[in-house]
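The following blocks contain the structures, represented as structure tokens.
Look at the two complexes coming up: chain A is in both, with chain B in one and chain C in the other.
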Partner chain A sequence: MSGFLFSLLWLLTALAAAPLLLGVINRTKAWFAGRTGQPLLQLYYDLWKLLHKGAVYSRTTTWVFRAGPIVGLASVLVAAALTPFGGAPALLAFPCDLILFAYLLGLLRFFTILAALDTGSAFEGMGASREATFSALAEPALLLGLAVVAHKTGSVSLSGMFSGDAVSAWAHAGPAILLVAGALLIVLLAENARIPVDDPNTHLELTMIHEVMVLDHGGPDFALILYTSALKLWVLGALLVNVLLPARTGFLLFDGAVALAAMFGLAVGVGVIESIMARLRLLRVPQLLVSAGALAGLAMFLVLR
Partner chain B sequence: MPPIMTAVILLLAGGFLALLTARLPRLSTAFGVGGAVAGCVVGLIQPVRVLAGGISEAWLRPWSVPYGSLSIEVDLLSAFFLVPILVLSALAAVYGQEYMAAWRGRRSTGASWFFFNALVASMIVVVIARNTALFLVAWELMSLASFFLVTFEHDKDDVRRAGWTYLVATHIGTAFLFALFLLLGRAAGSLNFISFGPAPAASAGVLFLLAVIGFGTKAGFMPLHVWLPEAHPAAPSHVSALMSGVMIKTGIYGLFRVLTFLGPPPAWWGLTLIGIGAVSGILGVLFALAQRDVKRLLAYSTVENAGIIALGLGLGLLGMSYGDLTVAVAGLAGALLHVVNHAAFKGLLFLGAGAVAHSTGTRDMDRLGGLLKRMPRTGSFFLIGAAAICALPPLNGFVSEFLIYFGAFKGVISEQPAIVYPALGLVIGLALIGGLAAACFTKAFGIVFLGEPRSESAAHAHECGRAMWIPMLALAAACAAIGLAAPAACRLVIRVLGDATGMDAFALDHVVSTLTSILSFVVGAGVALMALVIGLVFARRRLLAGREVAHAGTWDCGYLKPDARMQYTASSFSQPLARLFHGAIGTKIRSAPPKGLFPKTAFFGSELVDVFKDRLFKPLFLAVESGVSRMRWLQHGRLQLYVLYIAVTLLVLLIWKL
Partner chain C sequence: MNTSIDLVMVCLVLSNLMLVGSSRIAVCIRFVALQGVLLGLLPLALHHWLLAGASIAIKGTVFPWLLFRAMREANVRREVEPYVGFSTSLMIGVAALGISSWIASRLPPLAPSISPMILPVALFTMITGLFLIVSRRQALTQVIGYLALENGVFAFGLGLVREAPVIVEMGILLDIFVAVFVMGITIFHISREFDQIDTEQLTALKDTPS
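For the complex of A and B:
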């Protein structure tokens, strides 16, 4: 029963704290650049403001454009319910739930791309095309990385892999853990439109990927999209933290607090990566994503040896 | 006579009456459609009874053909394939009634309906035949009927060429089937399926390969797929739906049926099918992605889905050979369920593409756009089909792919390394196929139905009539229903499997309960997803109530005169992936880039070629032709010498017999 309560607690934490991750990333980047930077809670203020606005829709668009943000948020919410955190199982856990997890993110992407194409704008088409390309390459890396964890822990459910005694299976697989973590980190950066794949701060539509797809959304719709992005960063980050922190004390509250600290550590890490790296040329991004797959493949090789 | 034979007779009668009354187009259409629908409805009685738990009935009559008998049986496996065949045929007939009306008076639709009904009747006989002669006759009739349907617009050059490619390909496949069944029959001493028993290991391998090539040609396995992207776009759309949705599945049926004759599978059968499936799946979706013709895109996507089915079958065989029941059942069940699912969504997508072509007169995606506003029903149904084929939850495509993934992940955590490696390959392959399919179908839907129309004809498109959209609605509903009834569908499929393969019923029960409980979680998550969507829709409506909701032009980044032609096109959308995989997709580019300060001319054109067709089959057939043409000196037209040939041949035979 306490397991269930903790699952619920961590899900609610995710829902509440996800926008804070972006605040931490932005503050880290500001610190590196020698600026004060925006407040940590800036995204909350933005969401509040946007939710109080009206809406402007393009005359070209149809119901698909309006469905995009809603289907996107709904799918990432269900994905969040599938993500275990801090040693506690997820609210919804069953064998092979990782496939549902991956395809829910696929559903989010499918509707984001369609909403972008619905505007009839060349720029948004560009972003949609790039998103489709890069995510097609990120998906095998994500599933192969999770397959390594599945093989090592003998469980095919996210909660089974990352909670309870499955942890001991990781004890002798240090290098494999690091390789899988590397693969998942690349997937996380690519899926969440961070440097070196996409620059969230760019001001030129021609070079954008994610930002350009949502150019025409405004008001509450844009609030949904911003929140969806934050939550997506949270769930993929939680997977990475789960991989990197297999040690558990058995005290769910303590383990959860450690995982929470690790999440914000990860946000700082993403901020550092964004500060010290340049963005890759678009033609180089596929190579990065294939190398993520290669890292996961190498990890598989290590655990199968 | 069993009801299924009544159905066949009704279909043929309708077809003949349509042919006889071809001069009265309305009457002949009524006979054709009426016969098809009545036949399909009557035909459904028996398979539904069998699937609901009734016993399968065999029926046997002597037949004057040597070694032949009119031996039929509707067992669970046949019934499982019959239901999609009959349902999709009836819906395609209703759709075709309106679709073909455009040709009324210009071309004999009577003949077309005759061949349509003959195709449906022969597909029924193919899956219920229990005698080789009957099976092959029905198989050949199916190929010929569909050939005549494909060449309906035979005044067009490319249609004739497509028909020719199809005819050659299907007969090469049939030749392998002849060899297969003759070998099976020689070992058994009879050509009735019931006498085919487990073959000795050495010959079983040969039989397996013959079945994979013979049935794989029909099913669209690469590199035997070359007829599909020619024939599907050339045929009228309701015929494409039928051919892609269910006719190619008779190849899967045949392969599955023959596998039940061959005894326990060795591991290399599974590996072969996994290899074929991965190649067909990945290359199929890549070719699909690069197409501009929406029906050709769908045809290549059929190759992709045949690949997914082969992956499932291969995984199942691998599981069987290593004695891992969960892997075996999950793989085979996923493959069989995908057969039905693909019939539903691919039928839907072809009907949708047909409605677009019917209304705009073009299948070139770069000349379409903005159709969701002009054809709201067709567009919404097409979107459901597109989401289902991308295996997005909570629709049916997700359920079958989930089962295959489940088997593969069970293989990954297996103790036996021999399963782990192929299972890993399968996970990577399916993930890549999934990602590319999402790119392919966001393109197909997004370019055709969203944005602004890219041509005059697209701007003046109109919604299709009731006879065309109701079948699409039915198929879209089927996609959703199978997705929501996943545990029941899975239980049914496993019952079919158990009956066909003779797996241990007690052990199966355990797997069934595991899989159904998992699938009920999946359905639960799907329901939660839909509830969240509905909740968010209402929440947004509450938020926006009383606030200003304005309408404006699309943000054009400061550009003053945006134009529909500036939108991203189908070609530009897929360009990054086409470039990335240019080694696999053969794109020929002809371009003259602008030169100098005041360029006078510049053009860019790209053309897609099927690498297998161009680099494998073309040289092969040219070599065969040059080899055969050396024999021409025998054929000179002098009658006296021909008579001499006959006399010499008879003499040689006589001496040999002495």
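For the complex of A and C:
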């Protein structure tokens, strides 16, 4: 029973604190650049402002364009409900839910791409094609990494893989876990359009990937999209924290607090990566993603031998 | 002890993938040197101090120095147009890792060696070296491939025989040293004569009619 309460608590925390993660990233980048930076809660203000605006729809768009943000938010909400946090099981858990997890993210991406193509804008089509290419390369890395953890723990459910007693099964596989974490970090950066892959602050349509696809969304729709991407960052970050922090004390509240601190540590890490790295040329991005797949494949080789 | 050997193995595999996926020759030289040092650490587990010391000294310091010198003199910085692109090379590298572990599992089991992973990793290093030699244009990168190939042979020898015949390994090390020395000089001469070390150009060499 208390496990269920904790699952609910961590899900609500994720829903409430996800936009804060982006605030932390932005403050870290500002600190590196010597700026004061935007307020930590800027995304909350933005969401509030956008929700009070009206939406404008082009006459060339169809229902797909309007459905895009809603389906996206719905799928990432289910993905958040599938993600265990801090040793507590997830709200939803069943065998093989990691496949559902991967494809919920796929569904989100699919509808973002469809909505972008629905506008008929050339730039959005370009962004959509890039997003499709890069995510097709990132997906094997994600699934292979999860498969490594599944093989090591003998459980095919996300909650089973990251809950208390399964941890001892992969405490010995240090190198493999580090490789999986590296692969997942690259996937996280690519999926959330962070710097080595995509620059969230760029304002040139020719080089944007994720941002260019949502140019035509306005008002509440854009608020949903911003919130969806914040939540997606939280979900993938939680996965990475689960892999990296296998030490569990058994006190769910304490473990959860540690995982929460690790999430914000991860946000600072992403901010540092964005500050010290330049964005890769578009042609080099597939190489980065393939190397993430190679890391996961090597981890697979380590656990299978 | 066992986990540190595993760590060395993982670093070897990663350095192979870096060699295959990197276009900068300086990076390749550093990683093949790192590979040499890592391999030099392995005989320490078998208490062959002489072999370890010689291997680290030659592969970790002398070879990089020679290769960097050749790179400066030939004035090449990166592998511009390899026959196989870098992303494809990485995928081929991962496939080679799978193939080498399959081959290693088919081979008859060895006498207890320092790590069960030594055989697939050694095969993978050899395949990587061969692949670099056939898929790159610059003579310098091909020398790096040759060094990786030799690293694989060295690892194979370490895995195969517990009582490694030190004298044989030292002989191989000497051979390699001479080979790289000669190759360095050759690269220097080729680049002075033809202003480049792209081997594609060398296939069209002819005696100039006098």
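The definition used in the following text is that the second predicted complex is superposed on the first by the 305 of 305 C-alpha atoms of A that agree within 3 Å, B and C clash if a C-alpha of one lies under 4 Å from a C-alpha of the other, contacts with A are read in each partner's own complex, and residues count from 1 in each chain.
Quick note on the criterion: contacts are C-beta pairs under 8 Å (C-beta built on N, C-alpha and C of every residue); 3 or more make two chains touch, one makes a residue touch a chain.
These numbers come from a predicted model, not from an experiment.
**Q** Just checking: does A:187 make contact with chain B only, chain C only, both, or neither of them? Give me first, second, both or neither.
**A** neither
**Q** Kindly classify A:73 by the partners it touches after superposition: chain B alone (first), chain C alone (second), both, or neither?
**A** First partner only.
**Q** For A:197 in the superposed arrangement: first (chain B), second (chain C), both or neither?
**A** A:197 sits against neither chain B nor chain C.
**Q** Does chain B (first) or chain C (second) touch A:291, or do both, or does neither?
**A** After superposition on chain A, A:291 lies in contact with chain C alone.
**Q** Examine A:302 and indicate which partner it touches, taking first as chain B and second as chain C; both and neither are also allowed.
**A** second
**Q** Just checking: does A:174 make contact with chain B only, chain C only, both, or neither of them? Give me first, second, both or neither.
**A** A:174 contacts chain C only, not chain B.
**Q** If you lay the two complexes on top of each other, which residues of chain A touch chain B in one and chain C in the other?
**A** 286, 293
**Q** Tell me, which parts of chain A touch chain C in their complex?
**A** Those residues of chain A that touch chain C are 172, 174-175, 179, 286-287, 290-291, 293-294, 297-298, 301-302, 305.
**Q** Write out the stretch or stretches of chain A touching chain B in their complex.
**A** 51, 53-62, 64, 67, 70-71, 73-75, 77-78, 81-82, 92, 94-100, 102-104, 106-107, 109-110, 113-114, 117-126, 128-130, 132-133, 135-140, 142-144, 147, 150-151, 154-156, 205, 215-216, 219-221, 224, 282, 286, 293, 300, 304
**Q** Given the complex with chain A, which residues does chain C contribute to the contact?
**A** Spelled out, the residues of chain C in touch with chain A are 3, 6-7, 10, 13-14, 17, 21, 86-87, 90-91, 93-94, 97-98, 101, 116-117, 120.
**Q** Give the list of chain B residues in touch with chain A in this complex.
**A** Within the complex, chain B touches chain A at residues 369-370, 372-373, 379, 383, 387, 390-393, 398, 401-402, 405-406, 409-410, 412-413, 417, 420-421, 424, 427-428, 431-432, 434-436, 438-439, 442-443, 445-447, 450-452, 514, 517-518, 521-522, 524-525, 528-530, 532-533, 536-537, 540, 543-544, 547-557, 562, 564, 566-568, 572-577, 580.
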